[in-house]
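Consider the two complexes below, in which chain A is the common component and chain B and chain C are the respective partners.
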Partner chain A sequence: MSWTVALEAGLAALVLGVAVWTLSVRQTFAAVVAFVVYGLTLTLVWVRLSAPDVALTEAAIGSGLTGVLLLGAAARLRATEANSVAERPGAAVRVAAAALATLVALALAAAVLYLPEPAHTLAPQAMAELPATGMGNAVTGVLMAYRAADTLLEKVVVLISLIGVWSLAEDKLWGGRPGPLHHADPDGALAFLARRLPPVGIVVGIYIAWLGADQPGGAFPGGTIIAAMWLLTMMAGVTDAPPISRRWLRFVLVAGPVVFLAVGFSGFFTAGAFLAYPVAYAKALIVVIEVGMVLTIAATLGLLMAGPPERSEKP
Partner chain B sequence: MTLVLEVFSIAAICAGAFFFLAGTAGLLRFPDALTRLHALTKADNLGLGLVVLGLLPRAGGVFPALKLIAIWLLVLLASAIVSQLIGRAARREGRPQ
Partner chain C sequence: MTSATLFGLLGSVLVGLGLFGLLVHPHPLRKILSFNLLGGGVFLLFGVVARRGAGAGLGGDPVPQALVITGLVVAFAATALAVALLLRLFQESGSATLRNDAPADKDDGEAAGH
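Right after this comes the complex of A and B.
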């Protein structure tokens, strides 16, 4: 028992140490690398807390996807990096920032320390009704049945953030291909990986999304893996990003929310409420929604990482 | 699990942990990017390979065991490619550090 306590204490110290490193390092690139490491150590914490669903999402989204987005941002900021490192805020600003950060930390600590004991929980009721959703994984049951409206809005938010990225395009490039054209040695190591890995990665992504019904997994981690495979082929120059004006692309981007909304509205007639599923078809409907979601999440995240349109439609 | 398998499992995992330790020491102590990569590949290939080998008797079935081997193979592929890319980038910059 004491060994596990020592392991957990070491893990907690590691997370805190990497967090301090992330904040204190001056170069943007090093800070992003530290942030990715921080996400991976946090993944281990979630595994120790017996929350593999959260661990998967943290590894895929918190560490992987966000890490790639921040690396792109760091590359764009490289030209102005020297100026921003030389710039130091005045004493008053720094004292104010320290005071604010201390206040937030104290408020968070107080909130955690004064949580009711034993914690108020709906878990027994949620688990008792879980068979009605047809899901074996309680996390998926909560996401797709109990709190389906939240999940729907979450997917719409991701789509809106993509529109936000696209809106950074110049007027004359609207509808063009996202990101710079990647040149890589067609016989090099990266191109080799981009040809060999995606068949495996796409199968793994679909597997994880499919498994989400009964075991840790789901549309978000699965879709992220597929998006990563797509991004790999784009970065290796094996494929090119499609112009954002393509009709099929727009269709894939809205497929998930549209299917979700259609099922939600049909709930009025079949089960008497928005986003309610008739019990006999609950699992089938959730699977249909999840399939649409995997497609949309993979396309949205891939394009999010590819960036705003930077080239005209003609290659 | 029989005693022989138990001993084999513990021995393999300890050997794997040793290679991770050695790889980490090399990463911290070696002078430039290429030699550090050399140290890291030992942790990925041998270290993870031995840990996976030690976990096989504990996997509880053929399918989970195959999954573990697949993970090791994927890490091998990824680490080989990433070492190539980092090595090339270090050489291109001309000041490996």
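Right after this comes the complex of A and C.
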């Protein structure tokens, strides 16, 4: 088993090195690239921690989408970097910050070393009740049944953050198209990829979402892959972002939470509690919720990436 | 040392590194980046707690794992909002400074102070 120990120690050192690189590299653009690498190495750590569902989500959202979002922002803010160098805090502040950060890290490390033995776990309870949910993947069971209220609220939080992003638009552009118009060579590699990849990517996204019931996967990574395909077509100029005033768009954005809430309230009548599922229909109801969620996640994440409206409705 | 302990210590160091970057980097985008790095460490600590709770045929306790998945999505949404605020600040004032005595002192200048 010693080679796995060496492998894990090497992986931890790699994550640490990439984290230091992310923080210390001078250019913001390079720092974002380092951050994407950081996210991908963390994905490997998640696999080592036997959490493949988290690994998929980390790779898709934590590293991929966040990386693209920050790369775009870094490119737009490049002109402001020179000025911010002059604002660097003095040595005293830096030493104090280092001391505080070290203290926090040491406290957390002590907490890790003195975690209670034997470890507290809900795994047996989660597995015992899992057949009643119709799910084969315990993580999906937690997300969609045991802790469905968390997942519902999270859907609402993501929607609210999109409303927050939209509300930053200038008054005269409200209802317009988000983000700048992208131009790419129509015969170039990007446009080619944007025509060929989405049919495959959308199928893969739906498959991963569907697979989440029994295998690692689920609505979040599946929806993110579909969102990424949409973004690709927008960046290549193959499609344009829709005006945010479109009724069908608003409908798609609320579909996930509305279906979730409707099933949740129907639980009062069919199973005696909010967000409770009658055992015979548990899997069917969860699949209905997930279909709505995948649609909404893909649309919401795509629009969060596109940003506030910057152009009037006419193309 | 078990692999859970090793990655737990890694998570602790990542939180410390992210906090340091958040405090000393003057550029707001670097602060957002550092905060996300810090978040990666916090999620990792959750993953370690989950790994220690392995049992019943599972490699880890699914409850903390599911919380991390929810957390990743919310962290992305918060990052998207923060980036949109920052780009709007740049659009309005032509700079991306968080200093209170910044030259662009419009009505909304105060909201950007910290």
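One rule holds for everything that comes next: the second predicted complex is superposed on the first by the 314 of 315 C-alpha atoms of A that agree within 3 Å, B and C clash if a C-alpha of one lies under 4 Å from a C-alpha of the other, contacts with A are read in each partner's own complex, and residues count from 1 in each chain.
Note that in this section a contact is a pair of C-beta atoms (placed from the backbone, for glycine too) under 8 Å apart; a residue touches a chain by one contact, two chains touch by 3 or more.
For clarity, every value in this text was computed on a predicted model and none was experimentally measured.
S.K.: Considering only the touch criterion stated at the top, classify A:R78 as touching first (chain B), second (chain C), both, or neither.
M.R.: Neither: A:R78 stays clear of chain B and chain C.
S.K.: May I ask you to decide whether A:R246 touches chain B, chain C, both, or neither, giving the answer as first, second, both or neither?
M.R.: neither
S.K.: Identify the partner contact of A:R196: answer first if only chain B is touched, second if only chain C is, both if each is, neither if none is.
M.R.: Once the two structures are laid over each other on A, A:R196 reaches chain B alone.
S.K.: Once the two complexes are aligned on chain A, which partner has more residues of chain A within touching range, chain B or chain C?
M.R.: Tallying touched residues of chain A, the top partner is C.
S.K.: Identify the overlap between the chain B-contacting and the chain C-contacting residues of chain A.
M.R.: none
S.K.: Which chain A residues qualify as touching chain B in the complex?
M.R.: 188-190, 192-193, 196-197, 200
S.K.: With touch defined as at the start, can you tell me which chain B residues reach chain A in the complex?
M.R.: Listed in rising order, the residues are 74, 77-78, 80-81, 84-85, 88.
S.K.: Sort out for me which residues of chain A touch chain C in the complex.
M.R.: So the residues of chain A in touch with chain C come to 4-5, 8-9, 12, 15-16, 19-20, 22-23, 28, 31-32, 35, 38-39, 42, 45-46, 48-51, 53-54, 57-58, 61-62, 65-66, 69-70, 73-74, 76-77, 80-81, 83-85, 87-89, 93-94, 97-98, 100-102, 104-106, 108-109, 111-113, 115, 119-124, 126-128, 138-139, 141-143, 146-147, 150-151, 154, 157-158, 161-162, 164-165, 168, 218, 220, 297, 301, 304-305, 307-308.
S.K.: In the complex formed with chain A, which residues of chain C make contact?
M.R.: Going through chain C, the ones touching chain A are 3-21, 23-27, 29-30, 32-34, 36-37, 40, 43-45, 47-63, 65-70, 72-81, 83-88, 90, 95-97, 99.
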